[in-house]
Amino acid sequence: VWQKETGVREPKVHEWIRSLSPGADHVEWQNVDVTLLGVPLSRSSISASAASETPHAMRQAWKGFVPYNLDYDVDLTPLNVVDLGDVKQHVTDIAWSHKAITDAMYAMRTHHPNTFPLALGGDHSITAMLVKGWKKAHPDERIGILQLDTHFDLRSLKDNGPSNGTPIRNLIESGTIKGEDVWNIGLHGFFNAKSLKEYADRAGIRYVTMRRARQRGLDAVIQEALLDLKRRVDTVYVTVDMDVLDIAYGPGAPATTPGGMQTDELFTAVTAAGRDPHVKAMDIVCLDPHKDVAQATVKAGVHTMLSFLTGFYLRQHD
Amino acid sequence: VWQKETGVREPKVHEWIRSLSPGADHVEWQNVDVTLLGVPLSRSSISASAASETPHAMRQAWKGFVPYNLDYDVDLTPLNVVDLGDVKQHVTDIAWSHKAITDAMYAMRTHHPNTFPLALGGDHSITAMLVKGWKKAHPDERIGILQLDTHFDLRSLKDNGPSNGTPIRNLIESGTIKGEDVWNIGLHGFFNAKSLKEYADRAGIRYVTMRRARQRGLDAVIQEALLDLKRRVDTVYVTVDMDVLDIAYGPGAPATTPGGMQTDELFTAVTAAGRDPHVKAMDIVCLDPHKDVAQATVKAGVHTMLSFLTGFYLRQHD
Amino acid sequence: VWQKETGVREPKVHEWIRSLSPGADHVEWQNVDVTLLGVPLSRSSISASAASETPHAMRQAWKGFVPYNLDYDVDLTPLNVVDLGDVKQHVTDIAWSHKAITDAMYAMRTHHPNTFPLALGGDHSITAMLVKGWKKAHPDERIGILQLDTHFDLRSLKDNGPSNGTPIRNLIESGTIKGEDVWNIGLHGFFNAKSLKEYADRAGIRYVTMRRARQRGLDAVIQEALLDLKRRVDTVYVTVDMDVLDIAYGPGAPATTPGGMQTDELFTAVTAAGRDPHVKAMDIVCLDPHKDVAQATVKAGVHTMLSFLTGFYLRQHD
Amino acid sequence: VWQKETGVREPKVHEWIRSLSPGADHVEWQNVDVTLLGVPLSRSSISASAASETPHAMRQAWKGFVPYNLDYDVDLTPLNVVDLGDVKQHVTDIAWSHKAITDAMYAMRTHHPNTFPLALGGDHSITAMLVKGWKKAHPDERIGILQLDTHFDLRSLKDNGPSNGTPIRNLIESGTIKGEDVWNIGLHGFFNAKSLKEYADRAGIRYVTMRRARQRGLDAVIQEALLDLKRRVDTVYVTVDMDVLDIAYGPGAPATTPGGMQTDELFTAVTAAGRDPHVKAMDIVCLDPHKDVAQATVKAGVHTMLSFLTGFYLRQHD
Amino acid sequence: VWQKETGVREPKVHEWIRSLSPGADHVEWQNVDVTLLGVPLSRSSISASAASETPHAMRQAWKGFVPYNLDYDVDLTPLNVVDLGDVKQHVTDIAWSHKAITDAMYAMRTHHPNTFPLALGGDHSITAMLVKGWKKAHPDERIGILQLDTHFDLRSLKDNGPSNGTPIRNLIESGTIKGEDVWNIGLHGFFNAKSLKEYADRAGIRYVTMRRARQRGLDAVIQEALLDLKRRVDTVYVTVDMDVLDIAYGPGAPATTPGGMQTDELFTAVTAAGRDPHVKAMDIVCLDPHKDVAQATVKAGVHTMLSFLTGFYLRQHD
Amino acid sequence: VWQKETGVREPKVHEWIRSLSPGADHVEWQNVDVTLLGVPLSRSSISASAASETPHAMRQAWKGFVPYNLDYDVDLTPLNVVDLGDVKQHVTDIAWSHKAITDAMYAMRTHHPNTFPLALGGDHSITAMLVKGWKKAHPDERIGILQLDTHFDLRSLKDNGPSNGTPIRNLIESGTIKGEDVWNIGLHGFFNAKSLKEYADRAGIRYVTMRRARQRGLDAVIQEALLDLKRRVDTVYVTVDMDVLDIAYGPGAPATTPGGMQTDELFTAVTAAGRDPHVKAMDIVCLDPHKDVAQATVKAGVHTMLSFLTGFYLRQHD
């Protein structure tokens, strides 16, 4: 008589992704393909944001998805994906929280280097922390960034510290990455001060505006970026700022604007990125579920994650 | 580094209420004071309703409540409350679903007669099914109903079967209860056809309109109703239709109207009802979380449940 | 097989109120108790308003009401109520529209003087036009105003013509009424310039703030106002500005504020007004359905109309 | 003075479509080109849905459309379209409602076989019932389905009966149609379990994912599907599940997702379908007006109907 | 300690655009490139509209934009843009307001003929008034109109005066422009009566539907229109009715529909128009901020203005 | 022709309150009665909050209020009120922001001790900082707190630092105030852990639950609290957490609940507090404009400020 989740033969996404207790020692880590980690930090955002609610919101929303991608005829269930829950955060000490994020990535790379880390933000400040954690674990690696974003994220850290407007500059100025190893795709419109574009040029950052990316096709642009990066770097880190979406498609990203990317373009882009073995980590950031309309952006966030995993599956099986 | 629910000394409501697996045989049922059962049925509603989402929405919402009532200085944690999950429902066979609800109450009363059943609807059609389940388990008991509602729920079953407009008539016409053993408090306005009022009069139903109840005080009216019922019945079943609330307080009840009850009046009423040992079962119905504004009605639903449990605690400890 | 409105024995409000074609000559006007007229004008509002949508919105909403008032045990169906539709309005010539409103009331009073006119605005500018129409038809009558409003509506017509901030001043300065024959009940807070209050004092307008009205009870205050007016005037015109409601109860009135009237107080007030035979016309204004939340204000508007009609019924049958 | 609908020379959609009383015997049925029938059933939906409100919502919304298509320079008014109102539905007996839908189509085909039936759902469960009604009237015809949908609708009926997840399977398993005579266009993403895709393959169902359909153009894909179907079937039934739309374009379809169809693609598709004389019936389903944003989806539903009728006009006049 | 706007080196849009007091005599008008004028009139709209709020809403929203266009690598700050505030409007005398708008444009052209006037509506009725003001100042000029709109705006003025459905007809019938000098791009769907299309044909108006414009590319269509107009006219006036946008992109335009323009298409179109020296004035109309969702349409309005100014900059510097 | 703010005789609130530049040396500080300071900090909130937007939102909203209180016939314009703008805040260093808040209050008290400071939060963490600033300026004063709140705000600072759940404990544990000098009025329901109530009892904090406060009348309870505090303390600091409001009245306070205070009760309470000369500072906190419905809570916040100032005026003139 009682309706309870029962073991179904064919799982929904939340039945396929395993939720692990932190201290669970029975995990056969060598078999884990991908680990998800929530990073519920958004008090480091310039404008008020509830991006901290995104890990929870995405976990709720993916109950409505199945791990089979009809567009590519790809069944994701052979992938072993575990969800480690959220990195612990502090209410009033942002520096403490940032360090915990770096530590989490460092711990992942040190203890479980064979699994692909996929972080669910949180705001964009976490990307600097995650990449630093990677660098700390792999000090000799050269790291490249493939960024989908409306913004450069090159604001000065002197003004307001490591906020969500600064991660790329943070990584460059800390010597974690080189400017020339950053590709930003999807920037557009009137949302980046000219001085930031000049900083980008000086630093050698590569970028393709939305208009140009659409003319050439997102898939082709991603290919070019990866080809270029692979010539120089060991690891490509993919970071998706959901505000790269057009406001019609991503109303729930705090800084979303007209003239942005469509969701099908975004899904194509991350699927392409997922296929490339040089891509070794990823995050999805700056999605505020409280601002969402009809749950469109949260669903787009989940779809982005699953599209990337489709590519990830294909890199192993194509 | 990982943020996971850890054993906290002082629980939130969701840490205090235990969630039981259906077949769990380790429950010491003799120690269980209250069992919660979700009844996610609303396809039996006259108008489109997502009241089926209420059990889930309330479980999510009570994570924001603590089991301590400051108004009455009552700590609920000594109460042993278990949540059995949802009664299984069918998508296209409403009669099947209705039978499952009756069966669930019957099973509860047969196997665990010492625990107080508290059902979370679902629409008001479930009340008829739950009371029938009680009657089946206790055929010799005379059952009275204390109903808080904007409506009589006395529509004819001939028109459209056991919909949410019919539960009281259903119970009377099936011989489960007598009309004179029904007290309806909080009716008001232009939402009951005159013929239903005439039916109520013929059936001997007692009712106090919102206007009169407010003039005399909800607490006093509830006392009078219970006093009257106790003279005749063995068991009082309390049913709270959330549309008894004024639309300013309960925008998320599908048929909510202006001129209704305020939440503080409702909480006073159910606390009073909870204190009376003749009250032996309860339900909360007709709350549609999809229609809610600022989560006001879902929170009011949880508050109603906890206020009733405050009274329930006091009946044992005063 | 086809579901169409069929003749039901017990009508909903829209089945009880008859909708008349304009030129219908078969109406037995001597039997008509009340005529409804929509006045879909709100381009005369100081702030942007869709109050012009209210007649349509109320007609849709009252399909959810029955013509039986449970609080007073009053069946409204013996009242003969007809809905004449909307007064024709012009898109860009507000003076033309205002004249049409005056003409409509004049025509009603001239041709069908035995029926009670109840206008559904539109914004408050229409009250001046309707009362002028009455005065034109009954030039010897002394007319008093019973106004439920957050505002005095005494702004100067020199600034911006006969807008919704001016009807009472318009009536006084045009000699249609005397200031001493105005009672305003429910004003409150920081929403009337001091100079308007001084104008009110100079003009002899009587007013009772919300705070004081609540202390004494709306019913008693209405009685006092009517008693006072009846000593002097032949006709009392009742005008209900829905922004008299507290913003929690009337979010859909453009200028609604905190600290206002509750709906049960408003219903009590208009029921009391309806009982008095000196009350000979009424309007309900300044409700913007596009701004409404959960349809609370539109429902409150319908409830206000039906509560007044309850009183109207009782004036004939008590 | 009174503003009432007057006979205008150039009609709006609601003035062009005639609303017929059920028993009207004066209809010259031989001249009727298209009949609309509302099917207000959504209690058969897996998730809570108010798709039952769609017939009413579309009738209200099309008052804002004119029957002239500027994109194709097509005046629809020569088409004789009548609206028969809604098929009667039962509140608690879904099987009864389903039978009434089959009966309605059967009656249409038997009594008025020269008119094109266009049904406005309701949820997708109605498609199975409507096609069965057709089959009953034309037992010798071979029927093909052209489905625009995010989903296969191939769930097992054993689990939960003929819900909105099952219509295509229902038709195949009941022998009403053959799997090979189904074309589904617009499926995408992570919303169909792999087992359903495998069922589709086994049954010989043809499908084109959204990604592929966009690459080739919706018009071309529709042509190919029709060409293929026409080789085998007598009648093509077009069913449009509004959740085929991207969530940015169709927020008011309960299961709408990112990555879906754009409205201009949908309008192109149904215009193409309307042109083909093999297309002999159509429905539009799974649109929940209560979930809509800015009325975008309801307007898209009306536009879909009128675009189809544009094609229907052109099939006769090209 | 106090946070106040301080002189920043790199301005936001609101720091770049200068806000001038009306009587400021220190303006070096010969250096002013562009003047903005708000026209807060929407009581002349057929349907209730708060387009009067748009000038204020856009001024608030552009605080979130910077005057650097990344897509074109154009820094707008060399342009000298001043905001003159709003044209004074009357609450109840629409003719007075319309005259004030004509006077404002006439005054601009007479006193400051070297500056480009860019008006922020208000509803579309203002376009007729602005163009008449231009004509009055330049009686010998032949003026062409480049209109982006879902509608022809050719309704008869006899019905309801110079409402927002009439500006193009108003200009033609008043002899201000010739029909053949009007290009309307982006019309679509079922939103223009056939008689208006016939009027357009008789008057020689040129138009390209949305479907055809998309097939050929907005940029190419704009070029063709300008090329054609330049052969005949002295001045091209650009008017952007925001309801040309698809409802998914422009939910905040009162008459917005499915099947319309995407924002990137609109930005491309106005950038192209801005480049042409024959374009000498512009307005943006029919945007209702109260109806907006996620501020998408207001942001699109600002982006439209800035995209046009990008083209305007390029006409001087390419 | 241009509509610009002109010098009006009778001011709105924003014309009465003067906005001062930080370094303005021409202020005659001895004549300033009240200074407003915005404190846009909410990244110290336990849950995501945009309370940082409140100072801006309130400044926008009070343009709709006039400085005349009709309920009390009090003209506020004789009061000299200046708005100093916002205390500077840091994006990622909360401790820095907290110190700036303390410094701001210290500077106010040191340089302009004759003016009454009224702070507009921000979240409740700022109260601890403001009171510490006062204490630093007046080390010998004994300070009492009159708190209107749903919560005790007594959480341990060890867990997460000086968040919005801790200000009262912060002040007690830092020795700034004594527990016995705190009166909390309006607490209710299930929103305070029992351990916090026990801490309150141990610390000697006085509190009156909402239920009891309503029974006795807010005015009387405030009087009693002030009478008690005045016996011991030199200065009473009033802090209003907007979540003390019932969720029907204050949907825009992040932690608002059913069963809370009504706005008229709140306005009565703060008017009473304003009258008492021992009350020397005030703040309004925890209002999130992004969560608001129909602007009800922001308007209530402004009304709270003006009601307090009404009392403040009366303390000088009664």
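Every chain is named by a letter (A, B, C, D, E and F) in the order it is written, and numbering of its residues begins at 1.
Methods note: a residue touches a chain if its C-beta (ideal position, glycine included) is under 8 Å from a C-beta of that chain, and two chains touch if they have at least 3 such contacts.
It should be emphasised that the depicted structure is a prediction, and the values quoted were computed from it without experimental measurement.
Taking the mean Cα position of each chain as its centre, C sits at the greatest distance from chain A.
Interface note: chain D and chain E, two copies of one sequence, contact each other through mostly non-matching residue numbers (shared numbers fall below half of all numbers used).
Here the repeat of A-D among B-D, D-E or C-E is D-E, since over half of its contact pairs match by residue number. Between chain C and chain D the CA-based rotation angle works out to 180°, given as a multiple of 5.
Note: the chain lying farthest from chain B is E, by mean C-alpha position.
Mean C-alpha positions place chain A and chain B at a centre distance of 45 Å.
Chain F has its Cα centroid 58 Å from the Cα centroid of chain D. Centroids of chain A and chain F (each the mean of its C-alpha atoms) stand 40 Å apart. Residue numbers of chain D whose C-beta contacts span two or more other chains: 248, 291, 293. By the touch criterion stated above, chain A contacts chain F in their complex at residues 42-46, 48-50, 52-53, 90-95, 125, 159-163, 290-291.
Against chain C, in their complex, chain B makes its touches with residues 187-195, 197, 209-212, 214, 246-248, 251-252, 256-259, 291, 293. Only residues 10, 13, 65-71, 73, 75, 248-249, 263-264, 267, 293-296, 299-300, 303, 306 of chain E touch chain A when the two sit together in their complex.
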